[in-house]
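Right after this note come the structures.
Heads up, the next two complexes both have subunit A, just with different partners, subunit B and then subunit C.
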Partner chain A sequence: MASSSTSVVVSNKEKENKNTKKVTLKSSDGESFEVDESVAMESQTIKHIIEDGCANNEIPLPNVTSGILSRVIEYCKKHKEAAGESEPSVTSYTSNSTTNPLTEWDTEFVKVDQNTLFDLILAANYLDIKGLLDLTCKTVADMMKGKTPQEIRETFHIKNDYTPEEEAEVRKENQWAFE
Partner chain B sequence: MSQSKMSNSGSKWRWGRRWRSCRLRLSSNNNLPSLPEELLEEILVRLPVKSLLRFRCVQKSWSTLVQNPTFIAKHLRHHQTKTKNPSILVEGMDKEGNFKYLLQSHPDEGGGVRIVDFKGDSMGRLFTLRPLTSMFACINGIICFSGVFRGHYGFVLWNPAIRKGKVVSYPNPPDCPAHFVRIRSCHAFGFDQNSNDYKVVRVVEHRKKSVENSITRYRSYFFVYSLRADSWTQIFGTPVQHNNIKLHSRCDEIFFNGFHHWIGSLNSEPGDSYDHHIIMSFDMSHEVFQIIRFPDMFFPNKTLAVFNDCLACIVYGINEYIDIWVMREYGVEDSWTKQLVVGHLLGIQRPLQILGNEEILLVDEKKTLVLYNIGSQEMKILQRTGYPKIFMPTQAFGYVESLVSFTGGDVFES
Partner chain C sequence: MLRRALQKSSRKKMCMGEKKKDSICVDERTIPMDLVSQTPSVCGKRRRRSFNTINKTIGQRRKLSEEHLDKLDQRVESKDLITQLPEYIIHHILSFLDDTKDAARTSILSRKWRHIWTSFSVLIFDQHKIQQQVGRQDIRNMKKVFTDFVDNSLKNHLERKLSIQKLVLHITRYDLELAPHMEQWINIAIENNMKELDLHVVKKSKRYKLPPTIFASKTITGLRLHGCMLKSHCNIKLPKLQKLYLRKVFVDQQIIDNLISSCPLIEDLRFIHCTGLKVLRVSGLLKLDRVEVHHCHGLEEIEVKAPNLQTFWYCGKESMHCKIDLVACVSLKRLTLEDGNMTDEMFQDRLASFPFLEKLDLSKCNKLKNITISSVWLRRLVLRGCKNLVEADIDAPNLFSFEFKGDKMPFSFSNPLSLKEAKFSFEPVHIRSYNHHGGEDALWFARLRKLLEKLKHSNGLKLVVRSRKNVIIHENLEEILLPPQSDLKLEIIKPSMGLEDLLDNLLRTWHPEILSVVSSPSSEFPKLVHEKMMHRGENPNCCTYNTRNKCWRHFLKGVKIENVEAAAGKRTFGWIPWLKSSPTVLHQTISYRLSWESVERMLSKWRMMRLYA
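Moving on, here comes the complex of A and B:
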């Protein structure tokens, strides 16, 4: 048993050396970020670019600013690390039974101002990072839950296109939801 | 923030395959980035029903969205898959034999109890549940019960989350052929995902006892109601009629994979042994019956359930263990496998349902509901605060809210 565990450690080290392949991501404002390829591949968009063989030197991301990109990279790094560390569950009868060990970290991660949050949603969608999109959308949804329609309009800067009579009519249809 | 696609000479980039061109029009405030409609949907889909109904007032497109069947389906799917601890809808009997219904939140979410009652407005109040009401089901957040409305037997479809319902009367029962007596009817409530339609199947059974060799013969009539068409049609030529099958109903049934499943007995006498048990399935989409056989099974008591996205059968009754058999490949009788043996369950009377893929809802000897977690082997007792004094649980379903609404005649608000 002891000898086989040593050999496992050795092979992991070998793997580590092979996997320090890096890619450079360039934000819209010209800043470059060097990251491990495996971390960058948390983004399905970037993953496809790399697999298509189009990532020669740098991958330009013209729709993501440096501020947002650095945060996104932070998210990907943390989640990649956590995925690597967790043991596969022995008898899991369902895939959604395991609680996310990063719940606390994620909660702190999204404690940002609204602009940043919306930018993160756009970036997560653009870069196709499912976990981040899920987290950010859920955060916005949670924030919206208790609000009145007027407060929602203010948050999203939406113009009310109902006439007062029309609005009253719609309100009446679901009056109980306002209590 | 500009969202222009970038064309890089010499390489093919595939940006945002989920990109859509339509966007929300925002006011002149340029500080907040604009969210495209599909991302707004991603956010709205995560909201509870009550919030969404309130937000119909925000602007007209939001009201339209909330009533859009595609959005409603997306919202439902999201909540069905993401809700970790679903609420439990429980049917039980009080000491007079009347059915009472409760919605209880999962013990991990507080276990609070709400009495389920749709009699909000005048139309709802005209509906009375029959004693020994023969149907109770819950699919996609819609509850279906049979009862009496304005002197006619029928059923009600009710969505408690939006507080709207619809009453439908049964078609007139067919006349009994000579020497037959009408014994009872079975019903099933199901969802046809191909046409996004909710359906109710009504099976009316007649029985004839032949004196000479005392074989009991059954004859059944089948009717299907479609919510979309708001009408009934009769179906003919089913295995039930030809094979003299008697359907059991209540507690043995399950809706799964677009099919409703009953346990039935083949060529049996009342009180016959379990050897002749079969599953009768009804395809909600094609409106066809089929027989599925059980594997050889030792235990007489069976409850159909869903486990690991497969049709399952919980078998119990001889000792303190329960077996969960799973039909690994739907419709393939050879794929029945004994997936799990759960034990050693003391003081348990019978299983009711499997919730999610991890928890078994059971009734113990004291008539209390208990949730057994397969992974952790932990038993959680559902608290009884808010229950009627005498309450014997008979059926239960996992419940998730939905926006599904009703049109046509006899729609009411509660």
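Moving on, here comes the complex of A and C:
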């Protein structure tokens, strides 16, 4: 049996439980996504809907487009897999959560344009997925770190609507930060 | 800024080719994030280019009619996505900025941001960082600079009648003079409904004693203390406390007992390197989810009666004799024990009290000799450094992940494995020579081979064998010949882990000298590895925000394909002649010799680039 195993990730042929429960999520633009219930439950919002017994046919998500929803599902799948199976054996002295073994994957995941990034933030907020919200917010924070205000404005296309007098006032107010 | 603009305009004439791109830039407002996140040198170019477009727009504005101006402005405004986010999300983003100054500076971005900043309430004060910014002449006043800074920030914050969500105080140079200031700050925060307090005092000869007002705070949910002293105080009332993390704190028995009995909502309790505690008795906490005790000198007894406890960690040295009673915690899912005094019998008793255990981690349990682990629920097992372990009989049909670190191979699995992931780190006690095949070694190899046999039927598992400088990736687990070296680290990688992730992780962590891939002749694997190694690009533009922890692409100097046949007679690389001689060479074997820049050199190079960017 000369197996020519390819190295590309194929969908997990060896599902441990063959009969996992599935739920269907419907995006705002009408596309349906079928996912394992356990993966969907990464979202607290969906978890509550399911637990309250209101998830009969499909769960409509009017605030999430299909493009974003597919990415969110990808995130949840990957993280569900990682959490359920192997846990990193790092001592968790004073950290709130164990260190994330998926750092590289996460870094690649957020390499998207600003539109998508902010849509992901809003989706993570609406669906209440802490990990994704933290990841995306941290990415935005990293985009702000160490930049001057003008640079931040350019990065995010923020319009400066201060009058020169107002601007001076604000600077004086928070003088300690501008020194 | 003006000078830069002038410089740029003179260069403009030289960049004729770029002119077209610039004009596109003016219209296309959606700059993908990839373009923004580039290496410092390229980032500089982009910044200059965008200055260029701004100059252009300014020039154009004088000529354009009002209508067109409005349109341009509209286009700018419509793409400001960040300001449109709900305020609490922007606060969440700001909370990831370590430096409060960065967060405060956002107040100048636009009118709306002024409001966002003033309602933001996570205050971080790091004494070292704040004092670092003081010039040489002010060294005597350093402390005053710090206290003034904190006083002013707090005053600023409170003048707007805002609450304080979280106060972080990191005191690096503590002395008695600071104590009244600290007390005042903490009191102010408590009065303003502080939810979380993170107090870190670098321990010197004097310890900081926490003000008693802290124990009457009705709003505090998280208390994280480092290097302080908690003295007995009778009136403890913390109705909302959920997390209590004490590290290197000097406590006394009574105060801990009081805390436990007057805080019904505690979920997470951690004691690390704490002294002064003799007995830890926890009961009546229905919400308790996690308890961790690490190296608490003097602790003699731990008794936890928490029916909903999910995670328990205990780490103690052999000299610390501590009796641990967790009998009532039947829902325990994750157990980590580093207990050099636990005998076989004690262990078996403990294991029996947790029928639903999913994760078991035994480190340096040097009294364990012969144990049996039998559980249907167990998913992950870690055996690390249990020096005297002779035989561990493992019967866990649903075991998914296994990790072992030690010498020899004292474990055996008594039923077919559904193991998807394993890590073996064999560290011999004495150094064994390359050609030594003594009885012990042969036995060990035999057992290892038997283990791999058991796994070979699982499709898609990959085996990574690592020695100090060399990495071999086996794609099938069949017919693996292990090199006669005993300081091997083996890792069995689960099928769902993709090639990209696997290679990236390996290269990033180990910077190996030789990377070899062994696979059957019809496999696609080697081609993909080849792609990755040879076509990685000269100046990778990933990892811009990661100033210290960049991925392997930034360190790799050169890649050379090593011919297995030709590499004879090289004494340092014992792998190659061995690979040549093994039957696995009938499979495809490709070896790459990699040369790496030293980490220190690259870090200092990047530091220089940042200074001059």
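Going forward, the second predicted complex is superposed on the first by the 130 of 179 C-alpha atoms of A that agree within 3 Å, B and C clash if a C-alpha of one lies under 4 Å from a C-alpha of the other, contacts with A are read in each partner's own complex, and residues count from 1 in each chain.
Everything that follows uses one rule, which is that a contact is a pair of C-beta atoms (placed from the backbone, for glycine too) under 8 Å apart; a residue touches a chain by one contact, two chains touch by 3 or more.
From a predicted model like this one, the values you see are computed outputs, not experimental measurements.
Undergrad: In the overlaid three-chain picture, which partner chain does A:V112 touch, first (subunit B) or second (subunit C), both, or neither?
TA: second
Undergrad: Touch check for A:E104: first (subunit B), second (subunit C), both, or neither?
TA: Second partner only, subunit C.
Undergrad: Output check: A:E154 vs subunit B and subunit C. Expected answer is one of first, second, both, neither. What do you get?
TA: In the superposition, A:E154 touches subunit C alone.
Undergrad: After lining up the shared chain so the two structures overlap, which partner does A:H48 touch, if you call subunit B first and subunit C second: first, second, both or neither?
TA: A:H48 sits against subunit B, while subunit C stays out of touch.
Undergrad: Which partner does A:E165 reach: the first (subunit B), the second (subunit C), both, or neither?
TA: Touch partners of A:E165: none, neither subunit B nor subunit C.
Undergrad: Now for A:Y126: first (subunit B), second (subunit C), both, or neither, which partner does it touch?
TA: Once the two structures are laid over each other on A, A:Y126 reaches subunit B alone.
Undergrad: With both complexes overlaid on chain A, does A:N63 touch subunit B (first), subunit C (second), both or neither?
TA: The answer is first: A:N63 touches subunit B but not subunit C.
Undergrad: Could you tell me which stretches of subunit A are touched by subunit B in one complex and by subunit C in the other?
TA: Of subunit A, residues 91-94, 96, 114-115, 118, 121-122, 125, 133, 137-138, 140-141, 144-146, 149, 152-153, 156-162, 167, 170-171, 173-174, 176-178 contact subunit B in one complex and subunit C in the other.
Undergrad: Quick one: in the complex, what on subunit A touches subunit B?
TA: By the definition above, subunit A touches subunit B via 45, 48-49, 52, 54, 56, 60, 62-63, 91-94, 96-97, 114-115, 118-119, 121-122, 125-126, 128, 133, 137-138, 140-141, 144-146, 148-149, 152-153, 156-162, 167, 170-171, 173-174, 176-178.
Undergrad: Would you pull the subunit B residues touching subunit A in the complex into a rising list?
TA: 1-4, 6, 8, 11-18, 24-27, 29, 31-33, 35, 39, 42-44, 46-48, 50-51, 53-60, 63, 81-82, 84, 162-163, 308, 356-358, 374-375
Undergrad: Which part of subunit C faces subunit A closely enough to touch in the complex?
TA: Answer in residue numbers: 29-34, 36-37, 47, 50, 73, 76-77, 79-83, 85-86, 89, 92-94, 96-97, 99-102, 104-111, 113-114, 117, 133, 149, 152-153, 156, 224, 226, 243, 245, 247, 270, 272, 292, 294, 313, 315, 334, 359, 361, 379-380, 382, 384, 400-401, 403, 418, 420-421, 458-460, 462, 475-476, 494-499, 501, 504-505, 508, 519-525, 528, 542-543, 545-546, 551.
Undergrad: Which of the residues in subunit A come into contact with subunit C in the complex?
TA: Where subunit A meets subunit C, its residues are 2-10, 12-14, 16, 81, 84-87, 89, 91-94, 96, 104-105, 107, 111-115, 117-118, 121-122, 125, 133-134, 137-138, 140-146, 149, 151-162, 166-167, 170-171, 173-174, 176-179.
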